[in-house]
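Structure first, commentary second.
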Amino acid sequence: MKVIVDVAIIPLGVGLSLSKYVAECEKIFKFAGLKTTLHANGTNIEGDWDDVFNALKKCHEHLHQIGVPRISTNIRIGTRTDREQTMEDKIKSVEEKL
Amino acid sequence: MKVIVDVAIIPLGVGLSLSKYVAECEKIFKFAGLKTTLHANGTNIEGDWDDVFNALKKCHEHLHQIGVPRISTNIRIGTRTDREQTMEDKIKSVEEKL
Amino acid sequence: MKVIVDVAIIPLGVGLSLSKYVAECEKIFKFAGLKTTLHANGTNIEGDWDDVFNALKKCHEHLHQIGVPRISTNIRIGTRTDREQTMEDKIKSVEEKL
Amino acid sequence: MKVIVDVAIIPLGVGLSLSKYVAECEKIFKFAGLKTTLHANGTNIEGDWDDVFNALKKCHEHLHQIGVPRISTNIRIGTRTDREQTMEDKIKSVEEKL
């Protein structure tokens, strides 16, 4: 099952500068071969369900290993069976109507 | 890795009454042996990471199988290594301060 | 316009114990006369759009005033024009199908 | 109070093609003079708290007026008092660490 997700990872107990930890997870997503796009409030990821959620688990595990005591992550998950759709398709179909 | 999540499942393309589909996923979460609490805007779930996300995948797969063409799910995921905490603990620690 | 929301407030830069700050916002929501229900991963709130969002703004302002340097909040917002629905209605309609 | 938000609007009861409605809200955000960036799973918006939430209310009102019976919106809200930060700053600080 293919999935498009939007992931926002919030490490807690490590101060106010979170970009270092976000970057660590970006590397994990890339290493997993997932298509990703970073934005100001999260990361869009496209891939197979298992690949995406395995990578997300690795991200939580890795952040805990490097000293993050608590993590709060927010995800939006989209799956559909009516037609194939990429992340670019989603953006294009809105932009065409602007 | 233990996880506490909050899941809000929104089936698309099946009209305005979504409770039938939410109930289907509740049954899947229960059948998986997960601790769950339904609230007005989602479901709190506590369990092992793999058990929780396997159940969530089954929920998406099942809804598609019974005719939901598109699903948009929002999840909040919490993991922590500093101490053990249950869903009841989280509520109690706020209520004590009210 | 009536709204049902689910609010999860995450104060950053104040350590790992967040319940004190969540409780402060609960008090603000109650003081605003809003119907609220606390759960393990947030708070359900029902009320007029302006009342709800004014209270949420006050919550952010108040937390900053008492020393929280950064706040990350996640909200689910539901509005509908097809029929009246309370938070209890939403829970009941799922429970009836379990 | 300045705010950076991420808004994902899901119109319900209008079929599976949602881009038309997302585009309507994009126009409302732009017309309000807000800085916005569309991505595959939502829109990043930067501005004054009141401007952002007034525009979001207008978006819900407008979608209902053009026939959307139910709307489910997910927002991530970020406010901070420790330093000024734009949406570009947030992306840059992650990219520098990749």
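Couple of notes before you dig in:
Letters A, B, C and D mark the chains as written, and numbering starts fresh at 1 in each.
By our rule, a contact is a pair of C-beta atoms (placed from the backbone, for glycine too) under 8 Å apart; a residue touches a chain by one contact, two chains touch by 3 or more.
Since the structure is predicted, the reported quantities are computational estimates derived from the model, not experimental observations.
Across A-D and B-D, it is A-D that has more C-beta pairs touching.
Least-squares overlay of CA atoms from chain A onto chain B yields a rotation of 180° to the nearest 5.
Here the spacing of chain A and chain D, counted between their Cα centres, is 18 Å.
Work out the mean CA point of chain B and of chain D, and you get 25 Å between them. Counting partner chains per residue, chain C shows two or more touched chains at residues 12-13, 16, 69-70, 72, 74, 76, 78, 80, 82. Partner chain B is touched in their complex by these residues of chain A: 1, 12-13, 49-50, 53, 57, 60-61, 64, 69-82. Listing the residues of chain C that touch chain B in their complex gives 4-6, 8, 16-17, 19-20, 22-23, 26-27, 37-42, 44, 46, 74, 76, 78, 80, 82, 87-88, 90-91, 93-98.
Remark: chain C residues 10, 12-13, 15-16, 18, 69-70, 72, 74 touch chain A in the complex.
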